[in-house]
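Can you keep this structure in mind? I'll have questions shortly.
Chain lettering (A, B and C) follows the sequence in which the chains are written, and residue indices restart at 1 in each chain.
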Amino acid sequence: MPTTVTMPRLSDTMEAGTVIKWHVKEGDTVASGDVLADVETDKATMEMQTYDDGVVAKLLIGAGDRVAIGTPIAVIAVDGEDASSASGANPAAASSAPAAPAPAETPVVVTGTVVMPSAHADNGARARISPVARRMAEELGVDINSLRGSGPGGRVIKRDIESAAARTSGGTAPASMMPVVAASAPAAAPSLPVVAGPGAREVAVSGMRQTIARRLVESKSTIPHYQVSMRFNMDPLLELRKMLNAQLEPQGVKLSVNDFIVRSCALAMAQHPYFNASWAGDRIIIHGEVNVGVAVSLPAERGGGLVVAVIRNADQKGLRQISLDTRALAEKARTRGLGPEDMMGATFTISNLGMYGVDNFTAIINPPNSAILACGAAVERPVVRGGQLCVGTELDATLSLDHRVIDGAMAAEYLTTVRHNLENPATLLV
Amino acid sequence: MSTVTVIDPTMSATREIEFRDALREAMTQEMRRDPRVFLLGEEVAQYNGAYKVSKGMLDEFGPRRIIDTPISESGFAGMAIGAAMMGLRPIVEFMSWSFSLVAADPILNNAPKMLYMSGGQFGCPIVFRGNDGAGGQLGSTHSWCVEGLFSNVPGLKMVIPSCPEDAKGLMTTAIRDDDPVFFLESERMLGMKGHVPEGDYLVPFGQAKVRREGTDCTLVSFGRPVNFCLDAAAELAKEGISCEVLDMRTIRPLDIDSIVRSVRKTNYCVVVDQSWSFGSPGSEVASQLHQHCFDDLDNFVHRVHSADVPTPYAFNLEQEYLPNARRICEAVRSCLYRA
Amino acid sequence: MSMLSEPSTSRPFDVHGSPGERTLAPAATGRRDPVDPALCRQWLRDMLLIREFENRCMQQYQDKKIGGFCHIYIGQEAVAVGCTAAVRPNDPIVTAYRDHGHALARGMAARHCMAEMFGKIGGCAKGKGGSMHMFDREHHLYGGHGIVGAQIPLGVGLAFACKYMDEVIDGRPNSRVALAFLGDGALNQGAIHEAMNLAGLFDIPCVIICENNGYSMGTSIHRGTTMGHDIISKAIGYGIDGYVVDGMDVLSVYHDMSAIVEKCRRESRPAFVDMRCYRFKGHSMSDPRKYRTTEEELQYASDDPIGRLKLHLEERGELSDAVLKDMQREIRDEVRESIAWSEASPEPPMTELYHDVFVEPHGPYNGTSLPKMLQGKDLR
């Protein structure tokens, strides 16, 4: 079996070598270690040795030839085999060395005009938007192309999506609730005269205060507000509440008047779907879920201000659950702060100042809701019942309404349902 | 109502000790427990440690286990690695990590690669420890933060405590660990006092600690600057910005899961890292966050590092050079589009 | 020793230079008991195996079966074989990148050494170390190290650990000695000077053996090293005894090293050896050896350590032609088998890429940074 000598790798970076000089000729006897040829590599001229004893049967390339590593360059007949027959052996077949590398690819010449596809056919204009804003826009159905971003270079950022969702309520997703943690870019401040005096000063405005200002101006200036009030007899409810709380006390549950109001309002939605709706410019969207927002004021050490915590699917929750949810959200709002998931998606809002002894007040609609209920305190008053003057406990509530969605009669009917629920509180238990 | 939640298993304990005492307690307890553990370095024995971390250890363990070396980092680091290959568990003290640079070959080319290059035959259970970071007006050559340089190397673990309690718990874990551990202390913190549990106390590697909970912005930091982050968070709270401060405790392994969890909540992240910004733990966190939280971010990950200059000597320049609370506050406001 | 100390007109080339009175270093003047002929034949076999193995390594490298750098030990076989014979099997050894000879002399199977260079899973380090990084726990070989001189502090550490385990943990006298090999090219690296200072200072039983082949790659020792004719003076400066040993004669290596090693073991002290030898091939596979003459190479080739041992045995009638032929055939077959075995050994599986980074099998790639190919796998 003849041995094929291949172009060796004589340096770590060598790819091909040139035989500068053969030290042997065909027919020469060689021993392992003998120099066969001088080979020029990329680094130096090196001696190439044989590793086998035998007779040089064939030199396959001439001096000066340059070949790739692994290319057969000589055949050596070993173990006394016939050199002439060995020279006829197919060196490629006999070689144990790897095949010579394929010739380099011929460069392909392309003629004609190449039209590069444009990444942005629209003159390169591309909406700049932060990743989370893009995701929220999809979730909330906000059209980002219609927005002007308030971030650097007009980047659309999270707060832009939140306010857009609140403003337009596009798409079918539940509408966004008032964002309170993100700040708006401060508008150019108007120059106001300061009335001088010992206590005169300026107070820096937090981002939350900016947001509240902007959102409520937007609400009050774009929504045609009007109010409808009603007075409720709270005696049966307070009696039931007292009884229930006595029973629930061991479980650490304490129902508030507000919990009953939340449930009353939520249950009323089944008969009055327009109270769970949003004005969408050319149509009214009636939402699938009944998510009742509850306004929560924040303590000064959290920067003060107001957030709206959302009790989801309030129409499907019992009093006990509503109470637990409300307490948890209020606690979170006052300590760690609410996350977006706690504040988004309200479809109706309740604001209650009863705990401060307020008799009655009006609230501004929380966009994109169509109504907000402002509740005062349950107070004892002289009342006439069954022709008799007596002492009763009553609560005044005032609805603020978006006239584009809800007309006066509808408001009256809704309040009547709420009153029925509150004055027959047993219905709230089932 | 305060929003700070410090997870502290020793709330009930009244014992407060210094950072250096916590380190010594861990080393001493481990040396009592395991005769393979020994300490070597410059001035660790008779001088009681250049920073008194090893004070009294020579008296207890004698000169065979508390070994004064000449100023010869390359030599004694290499020697300790050889001993670790044989199964001993050396603790090598670099008086400063700045001096470890002359031992770069053994600590980077040998210790972290030995197990891999030997196909799993020879591990290297060794702890390299010493002071890291600027702040003492030591000038540029003595103020190295090596975390940027060395955390680039696979096969090592890198620990960087920010309080005495973690100093003890992480050091105990480091000594018991079977891989090479780079333990970065801070000369500026050695005198810091805090609750430290007595007895066996281990803090696992790769588990960040929430040092303050918050909702608006995630602050991620390592070692001493964690304390700057807490200062900044207190300041920002007055502006109504609620920061969550994550103390990573180890750089390798990096607890990216905890960072991701927090950023998914806040949508904003500022990384505070005392090394230089180019190719640093901070840039690694930013890169991984952009991978894992891309759709949760409302702004790019902001970073606060030491200034990209050699460490200056002058007090005012050095203070400004460091990732201080003011620079952190500015970064948070900018990140939240409130600047 | 005679070759070095006798001036000889027939040997005009002396790459090392005369060390002067250092030839009379105490260990080298020790008694030389005759060596069992069977042991000598074993050494001959070991040296022939290294020679044939290295020869075939060159071929496999040239056939691109072996990648990277490859440093051939041909000419220096007597050093690895003689030193290994002079120590106990559990005395740890560490060396530099010209390490195939030490691995084979220490007992590593040729196939594991060859497969390592082939980058196959059957290699001593599963194909992750390569030619310069041979490790063998079973045979107490602590590498194969690629950075010039870096292995000497490690060697001192190995000896430190031996002593610590005996004296501090087990409370008995030191029983082991470490051998740390370097080339003369490493003499000017700071690490070895720091290591020698520590070894001298701490009484560490490490024998530092400088395989002085006269060349630091292409730079002769006299062009790169002060006191190149007398390198043990460097060790003496660190309070370490130094010895000059004829590394071209396995019997000298064995006798001198036995005396040196036992003295170090007994006294728990370091030693330094100027082991004078010659590398027959280039520094690495891409070295054309233009820095030395053919005449010089031929002179040293005529002093081939294998030839010298053969002659020693033949003069005493302890090696027949038939025995030698059998030995050579066996060795050729063994090396051929190692190549075939390495060819057949599978490449390391891709999961090996992430294995052995930490003692914990695949970790700690914390959480989401776990490489994709490992996600969802049972990593235990």
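One rule holds for everything that comes next: contacts are C-beta pairs under 8 Å (C-beta built on N, C-alpha and C of every residue); 3 or more make two chains touch, one makes a residue touch a chain.
Computed from a prediction, not measured in an experiment: that's the story for all the values here.
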Pair joined by the larger number of C-beta contacts - B-C, A-B: B-C
Central subunit by CA centre of mass proxy: B
Cα-centroid distance, subunit A relative to subunit C, in whole angstrom: 61
Between subunit C and subunit B, distance of the C-alpha-averaged centres to the nearest whole Å: 40
Inter-centroid spacing, subunit B versus subunit A (mean Cα positions, whole Å): 33
Complex contact set, residues of subunit B against subunit C: 35-36, 38, 64-65, 67, 69-70, 72, 74-88, 105-106, 109-110, 114-123, 154-155, 157, 178-179, 205-206, 253-257, 260, 288, 292
Subunit A-facing residues of subunit C, complex: 55-56, 58-59, 61-64, 68-69, 284-286, 288, 290
Residues on subunit A engaged by subunit C in the complex (per definition of touch): 6, 8-14, 32-33, 41, 43-47, 51, 69-70, 96-98
Subunit B-facing residues of subunit A, complex: 130-135, 150-152, 157-159, 181-183, 185, 206-208, 299, 301-303, 305, 334-339
Sites on subunit B touched by subunit A in the complex: 1-3, 213-216, 237, 239-240, 242, 265, 267, 294-299, 336-338
